[in-house]
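Just below sit the structures, each encoded as structure tokens.
Presented sequentially are two complexes of subunit A, the first with subunit B as partner and the second with subunit C.
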Partner chain A sequence: MNGNTGIIIDVNLSEGFIDRLAPPEEWYLRYVGGSGLAAKFFWERGDFDADPLAPEAMLLFMNGPFAGLKLSGTSRSSVAGRSPLTGHWGDSSCGGYFAPELRYAGYDGIVITGRADKPSLILIEDDRISIEDASDFWGRGIEEVNRSLKERYGKNHRTLVIGPAGENLVKYAAILNEGHHAFGRAGFGAVMGSKNLKAIVVRATRKEMSLADPDRFAELRGDLNLRIKEALASSVMRENGTAANLEGGAFAGDVPIRNFTSNSWEEMGEALAGSTLTEKYLTRRWQCAYCTIRCKRVVEVPDGPFAIPEGPGPEYETIVSFGALIGSMDLAAACKAGRVCNDFGLDTISAGGSIAWAMEAFERGDLTSKDTGGVELRWGDMETVVETVLRALAFRKGKLGELLAEGSVAAARKIGKDSLAYTCQSKGLEAPMHDPRGGGHGLALTYAMSPRGACHVADPMLFIEMGACYYPEIGLEYELEPKTDEYKPESAVISVALGAIENSACFCQFADREVTIPDWVELFNTVAGYDWDADEMMRSGRRVFHLKRLINYRFGLTAADDALTPRMLEPARDGEPEGVEINFSGMKARFYALMGMDPEKGIALPETLEQHGMTEESSRSW
Partner chain B sequence: MEYWKDETEPITAFLKLFEEAKKDEELSNGLKKVNQLIWFDYTENGPDCSFHIDCRGGKIESAAGKPSDTPDLVMSLSADDAHRSWSNKLNPVMAITRRKIRVKGSATGLLKLAPKLKKVAAIYESVLKDLGWQDKILK
Partner chain C sequence: MRITVKPAGIIKRFFAEQEMDVAPGLTSRALIVQLQIPAELKMISLVNGKTRRLDDPLEEGDEVRLVTLLTGG
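Moving on to the complex of A and B:
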């Protein structure tokens, strides 16, 4: 096989069983890799009745076909399965150093079931795969465990580690690579915790790879790496990180403020901007393997109440989650909160989103000191967030910890009082830090259509509405105005297919903005020999999108679940988007029609599935 | 050119725009923070169709033509697209993506001023009126 290795590690932790699977080559051709291939695996072999935290639940790590090929933006992989936070399909991607190492060791992915009888780790060293005792790491933070693993096995062994949040089955627990790069979303750290799996460690000594056309690929890679390095967006992010344009976003009303109750806070933009982070706290820039963008931050807060030593710094999502969203513009506090989340293994978006909801509930009186065990929740009180709330969450300590460890939706259902209406989520996944009312109405549509729930990286709609995408070869040449619904369903149809390709190929959305459609096709053909044209590539993207929705349908989701909460759809109260209505139902109906989806079931119609070569999947769904 | 009769007209308008913009405290402070020598290169519309601003070291100076020092940032586009841009009628991200604007050098500082484009456009409109070029105002 070219591109992919064709081998998946199969581990059953209950039985201590390790095997190697060779999926049919057709699966790669039709579902690419990453979250697409994971969805196919789950569709074929997953236990749809199993609780996400039961031993039978399947946890999948999958590379894309470009992992390890030294192309900027492709050192990523996906984790997937049934999300403990949402109860349906979930996936999450992560950059860093794990994906290339796994590929060099000879594997495209790892499928894990069962539950170890004691804390364990999976050690992969080329052909040697073993389950090792990890009892001495249990209960310890990610930073310390990552360091200890490297002391035990070697500094070039690459790690995936969960923290106390994963061990305590916090529903939005994350998994970290090298203590810096996160599989943040959808709670797969808790799935690892439920399996008594503290870490996965991989080391390869060989780097052999078979490509369909290595010479042409090398030429294309050279061109793309240069283009990605020299792109304006890359240089801006290299200089000031992923929060480089936070001020612009704040002006447009894209940055959510105090649980999406406001779209305007003038001083906040500069206080939390990437340039401020650079000036005040940046010590070094960092990057995922082989990436020329270097958007990652290493920071130190030398003094003050939120002092932290030099280490991983926050990205845009973390800065806003622990900044504007909870009413703070204290950048040092956001750095500290991000660091604490990294060590405990918490998804910063869901943690920030759940805390923001709780702060509003407390302000309204829907949540009282009695419910929180005496903890007062006030907008912008970062000392309480950092010193009390995050620890309570990660260790499920006290009433507040137990309440918020389940996520904002479960917490709102528990306290009632119509508090679900002001959660900010879709399908149970807390929304990321882009408010569609200011960022773009198309984002409202794609948040709701995303199989895993509200997500800004499931597809490139955020970039499309910004004007950063121009793909005339596949019909994407609209000049869009973000704060209208004009051409948004038409753009979303292309966006969801392209997003499925990005997340199946495991290509970073910052890097791949420089990759044209002909480049994409040529990459797949020179690496994996798929012999695709643009139409066939986009058909694969749509196939992946439809398959994930079929999985959700089997979990009980329907079109009614493609929704945003009242809070996210109410007209903005201030700022640039003030008073503008989002035509959500109109966009949704048009999107369904364009995609050939059933407006009740929320899945592709039989004829649509037929067009995508999904006859078997259709027969199991209709 | 769609909006200009010759290559001197846009430079006259844009230099006057910067003269007026620097009287605004917020824009003036913003430009000083950029701290760069920037060349706005519209030479695709004629060899003399360009101007530069020097915001280095706390000053704001503007003049026609290419600067004698090497610029920190060069923004190359057509004089018509520049007119659309100063009128806040051109999405800069879209223009860069579609190669209507070519950028060389660090644009980080200038990016921080993007939210001020609305204010700049209001000043530009009054500049065009002062020059008797109401017909060039984009609605």
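Moving on to the complex of A and C:
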């Protein structure tokens, strides 16, 4: 096989069973890799009745075909399965250093079921795969365990580690690579915890790969790496990180403030901006393997109440989740909160989103200190967040920890009082830090259509609305006004297919903005020999999107779940988008029609599935 | 006519906040060209705090904040 290795590691932790699977080559051709191939695996072999935290639940790590090829932006992989946070399909993408190493070791992915009888880790060294005792790591933070694993096995062994949050089955627990890069969303750290799996460690001593057309690929890679490096967006992010333009977003109303109750806070933009982070706390720039963008940050907060030693710095999402969203513009506090979340293994978006909801509930009196075990939750009180709330969450300590460790939807259902209306989520996944009312109305549509729940990276709508995408070969040549519904469903049908390709190929959305459609097709053809044209590639993208939706349908989701909460759709209260309403239902209906989907069931119609060669999937769904 | 132009976020790298004398009826699109902001950035023009279409003419005394949504995630 070209591109991919064709081999997936199959581990059952209950039985201590390790095998190697060779999936049909057709699965790769039709579902690409990453979260798409994971969805196909789950569809074929997953236990749809199993609780996400039961031993039978399937946990999948999956590379894309470009892993390890030294092309900027392709050192990512996906984790996937049934999300313990949402109860339906979930996937999460992570950069860093794990994907290339797994590829060099000879594998495209790892499929894990069962539950080890004691804390364990999976060790992969080329052809040797073993399950090792990890009892001495249990209960310890990610930073320390990552360091200890490298001392034990070697500094070039690459790690995936969960923290106390994963062990304690916090529903939005993360998995970290090298203690810095996170599979953040949808709670797969808890799935690892439920399996008594503290870590996965991989090391390869070879780098052989078979490509369909290595010479042409090398030429294309050289060209793309240079274009990616020299792009204006790359230079901006290299200089000031992913929060480089936070201030621009704040003026436009894109940055959510105090649980999406406000879109206006003039001083906040500069206080939390990437340039401020550079000036005050940056010590080094960092990158995923082989990436020329270098958007990652290493920071130190030398003094003050939120002092932290040199180490991983926050991304845009973390800065806003632990900044504007909870009423703070203290950048040092956001750095510290991000560091604590990394060590405990918490998704910063769902943690920030759940805390923001709780702060509003407290302000309204829907949540009282009786419910929180005496903890007062106030907007912008970062000392309480960092010193008390995050620890309570990760260790499920006290009433507050137990309440918020389940995520904002479960917490709202528990306290009632119509507090579900002011959660900010779709399908149970807390929304990321772009408010569609100020950022772009198309994002409201794609948040709702994303199979895993509210997500800004399931597809590139965020970038499409900001004018960063022009793909005439696939019909995307609209000049969009972000804050209208004009051409948004038409753009979204292209976006969801392209997003499925990006997340199946495991290509970073910052890097692949420089990749044209002809480049994409040539990459697949020179690496994996798919012999695709643009139409066939997009058909694969739509196929992946439809399959994830079919999985969700089997979990009981319908079109009614393709929704945003009342809070996210109410007219903005202030700032630039004040008074503006999003035509959500109109966009949604048009999207289903254009995609050939059933407007009640929320899945593709039989004829649409037929057009995508999904006859078997259709017969199991209709 | 006289207007005030203000950059936000990464647009600060292209010009500083300033008052400008510009031709009557100048549009935001023409202003963006005049300020030599790269064409690859999709710009939003906030005129007195509200998004205005790029081809709408500006008026005497307007405060124009130029923003792009290029953003992280």
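Structural remarks
As a convention for this text, the second predicted complex is superposed on the first by the 622 of 622 C-alpha atoms of A that agree within 3 Å, B and C clash if a C-alpha of one lies under 4 Å from a C-alpha of the other, contacts with A are read in each partner's own complex, and residues count from 1 in each chain.
Definition applied: contacts are C-beta pairs under 8 Å (C-beta built on N, C-alpha and C of every residue); 3 or more make two chains touch, one makes a residue touch a chain.
Note that the coordinates shown come from a computational prediction; the quantities given were computed from them, not determined experimentally.
Following the overlay on subunit A, a clash is recorded for the pair subunit B and subunit C. Note on subunit A: of its two partners subunit C and subunit B, the one contacting more of its residues is C. Judged by the touch definition given at the top, the superposed model places A:439 against subunit C, while subunit B stays out of reach. When the two structures are aligned on the shared chain, A:10 is found in touch with neither subunit B nor subunit C. Once the two complexes are laid over each other on the shared chain, residue contacts for A:251 go to subunit B and to subunit C alike. Touch criterion met: A:236 reaches subunit B and subunit C at once. Once the two complexes are laid over each other on the shared chain, residue contacts for A:456 go to subunit C alone; subunit B is not touched.
By the touch criterion stated above, A:269 is placed in contact with subunit B and with subunit C alike.
Look at A:468: by the touch rule set out above, it reaches both subunit B and subunit C. Using the contact criterion defined above for the overlaid structures, shared-chain residue A:125 touches neither subunit B nor subunit C, since it reaches no partner. In the overlay built on chain A, none of the stretches 2-10, 20-28 or 56-64 of subunit B clash with subunit C except 20-28.
Residue overlap on subunit A between the subunit B contacts of one complex and the subunit C contacts of the other covers 232, 236, 240, 244-245, 247-248, 250-252, 269, 273, 275, 466-468.
Listed in rising order, the residues of subunit B touching subunit A in the complex are 91-98, 103, 106-108, 111-112, 114-115.
By the touch criterion given at the top, residues 232-233, 236-237, 240-252, 254, 269, 273-275, 295, 315-317, 432-434, 439-440, 456-457, 462, 465-468, 481-483, 509-510, 576 of subunit A touch subunit C in their complex.
Contact residues of subunit A toward subunit B in the complex are 232, 235-236, 239-240, 244-245, 247-248, 250-252, 269, 273, 275, 466-470, 479, 513. Subunit C meets subunit A in the complex at residues 8-12, 38, 40-42, 44, 46, 49-51, 53, 65, 67-73.
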